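Two complexes come next, and they have one chain in common, chain A, joined by chain B in the first and chain C in the second.
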Partner chain A sequence: MAPVGPRSGDAIFASGERVNAELFTLTYGAIVRQLLTDLEEVDEVNKQLDQMGYNIGIRLVDEFLAKSNVSRCVDFKETTDVIAKVGFKMFLGVSASVTNWDADGTCCSIMLDDNPLVDFVELPDTCQGLYYCNILSGVIRGALEMVSMKADVTWARDMLRGDDAFELQVKLIKQVPEEYPYKDDE
Partner chain B sequence: MGREVSESCIDSLLTEMVSTYCNRFYATKPELAARRIEAIGYQVGHQLSERYTMERPRFSDHLEAIKFICKDFWSEVFKKQIDNLKTNHRGTFVLQDNRFRWLARMSVDPPTENGGLPQDPSALAENEATQLMSMYLYFPCGIIRGALSNLGISCAVSADISSLPACSFVIRIKA
Partner chain C sequence: MAAIYSLYIINKSGGLIFYKDYGSAGRMDTNDSLRVASLWHSMHAISQQLSPTVGCSGIELLEADTFDLHCFQSLTGTKFFVVCEPGTQHMEGLLKFIYELYTDYVLKNPFYEMEMPIRCELFDINLTQAVQKDRVALLGR
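Now for the complex of A and B:
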């Protein structure tokens, strides 16, 4: 068999099973609304959305690695780049880019060119303080943790809160060395 | 063709929604978890139905509305139509999807007929999986109820998975 190289996010997205984004967007919106009703506190909703994202992120990483054929990323820089360029494209069908690197290469911004989560969304005044897209930061945090990078992921800019862009700040806290050998039974 | 996302997005989101409500919020109160999941589905169905019927004349009767759910609505959401529609002509409709997409990836045996107590751990796990599956199904049941409610029809919807991977949705229209 011919050696297989990494695949582009576009190619993976195009060849995979896809669904109507409206269903996804409205489902997410309905979940946020239900959480607001059940939990009452906006901060608690932010926390739960992040937690849900984290749980999704730690599972999604397997699919990501299996479908993308990316080889081991050498560092944090390369990892965030792959998440932005391949990850966002293959799951959400949108592209993202990485900018704003700090001097020691441990903090950067992922800019979303487009964000399907917020189609048809307008937040009422009662939702001030809500990070509506917090599930996304959780997904990235979870996925990074699965490749041994512990990071803080927060929204630096959010168009639903009146900013001019969607910007996620990703800050590497520590890189955990992988443990070998893996035990087969666990 | 409108915007699309990968199927994993919706799969992951639904899995996580069910797990959040069943395992984290209402671990000991499955009936409350079920009600919340159904309510989320209801909102989604209501909004989708609003969008899909915007440029359509009103449906003349219940059967026309149900047919819309079976064909257009189901195609938009699941990329296929309902395979079989039955009715008793007294307000009950049974919509069967021979391979319901949201269950297709779950591998669980149908619930046993005798209903005896599970005897070994694998049977217990199976039982749990069946429970989880019925939790999932509150979501599409809610979607159908929400969609019909938007069309002015109030009803109760339940799901029957006795012949997996087929899934039947039973709609009982309230008089």
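Now for the complex of A and C:
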């Protein structure tokens, strides 16, 4: 088999199985609603969504790598670029772009052009502190951790909270070396 | 004629999480398969360190008189390897395909715990199909 090059996010999105976008949006809404009922505190819901995202991310990253055929990224810049251009396209069918790099290249923003999670959503007054899409930041955090990058992912701007865009801030904390011996017991 | 003797999947810490025998040649008991897995994990790591070039990702193919061992390591550290008849072709493609099956039928199974032995029926079924298809392709040539 000849080596195959990286596939575009569009191609993978088109070839994979998909569900109806409304079903997806409504299902996610139902999850958030249930969490609000169960946990009562908005902060707890934010935490729980992030944790759920993390659990998804650590598994999702393998599917991403297997189906996109991307090779090892040389630096964090390339990594975020691949997440925005290929990752978001592949799993959510939306495109995203990377901006706002800081001077030492460890912190940037991923701007979502479109966000299918929020199609029918208006935040009520009681939920003003809610990061409705916090699951996405968890997914990215989990996925990055599996390729040995510890990162902090937070929502910088959220249209549901009255901002003018969806902006995820990704901050690289440290790159864990993959070389042996792993220092598990530290 | 069995082209593929056996298939192994080892997690990032070197534990054997999946082992399957195909055909009678090279059949091993559980202890032996565990031994092969952890040996290979270590050899793979050592080869990375010994390599004169930087950025080496470890042994991909081991050729012996009686078998070939093809190995594929994902960027997340999971290793997939097959032991097959010497000169068997297209093993890289098969391993990549098995990786895809692993992401679909193992990782997406909510009851599968990461890094633990794989006991997923859907994975077994699809894997058997993939390996059979591969055998048919081999016989057809």
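The rule we apply is simple: the second predicted complex is superposed on the first by the 178 of 186 C-alpha atoms of A that agree within 3 Å, B and C clash if a C-alpha of one lies under 4 Å from a C-alpha of the other, contacts with A are read in each partner's own complex, and residues count from 1 in each chain.
Everything below uses one rule, namely that contacts are C-beta pairs under 8 Å (C-beta built on N, C-alpha and C of every residue); 3 or more make two chains touch, one makes a residue touch a chain.
Keep in mind it's a predicted model, so treat the numbers as computed, not measured.
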item: First, second, both or neither for A:Val147, with chain B first and chain C second; value: second
item: Which superposed partner A:Glu63 touches (first chain B, second chain C, both, neither); value: both
item: Partner chain(s) touched by A:Met52 [first = chain B, second = chain C, both, neither]; value: first
item: Touched partner set for A:Leu123, first chain B, second chain C, both or neither; value: neither
item: Chain B versus chain C as contact partner of A:Arg72, first or second or both or neither; value: second
item: Which superposed partner A:Gly16 touches (first chain B, second chain C, both, neither); value: first
item: Contacts of A:Met159 with chain B and chain C, given as first, second, both or neither; value: neither
item: Set intersection of chain A contacts, chain C complex versus chain B complex; value: 59-60, 63
item: Touch list for chain A against partner chain B, complex; value: 13, 16-24, 26-31, 33-34, 38, 48, 51-52, 55-56, 59-60, 63, 90-93, 116, 119, 135
item: Partner chain C, residues of chain A touching it in the complex; value: 1, 58-63, 65-67, 72, 146-147, 178-180, 182, 184
item: Residue ranges of chain B in contact with chain A within the complex; value: 2-10, 12-17, 19-20, 25, 36, 39-41, 43-44, 47-48, 51, 76-77, 79
item: List of chain C residues in touch with chain A within their complex; value: 13, 45, 48-49, 74-78, 90, 92-93, 96, 99-100, 102-104, 107-108, 114
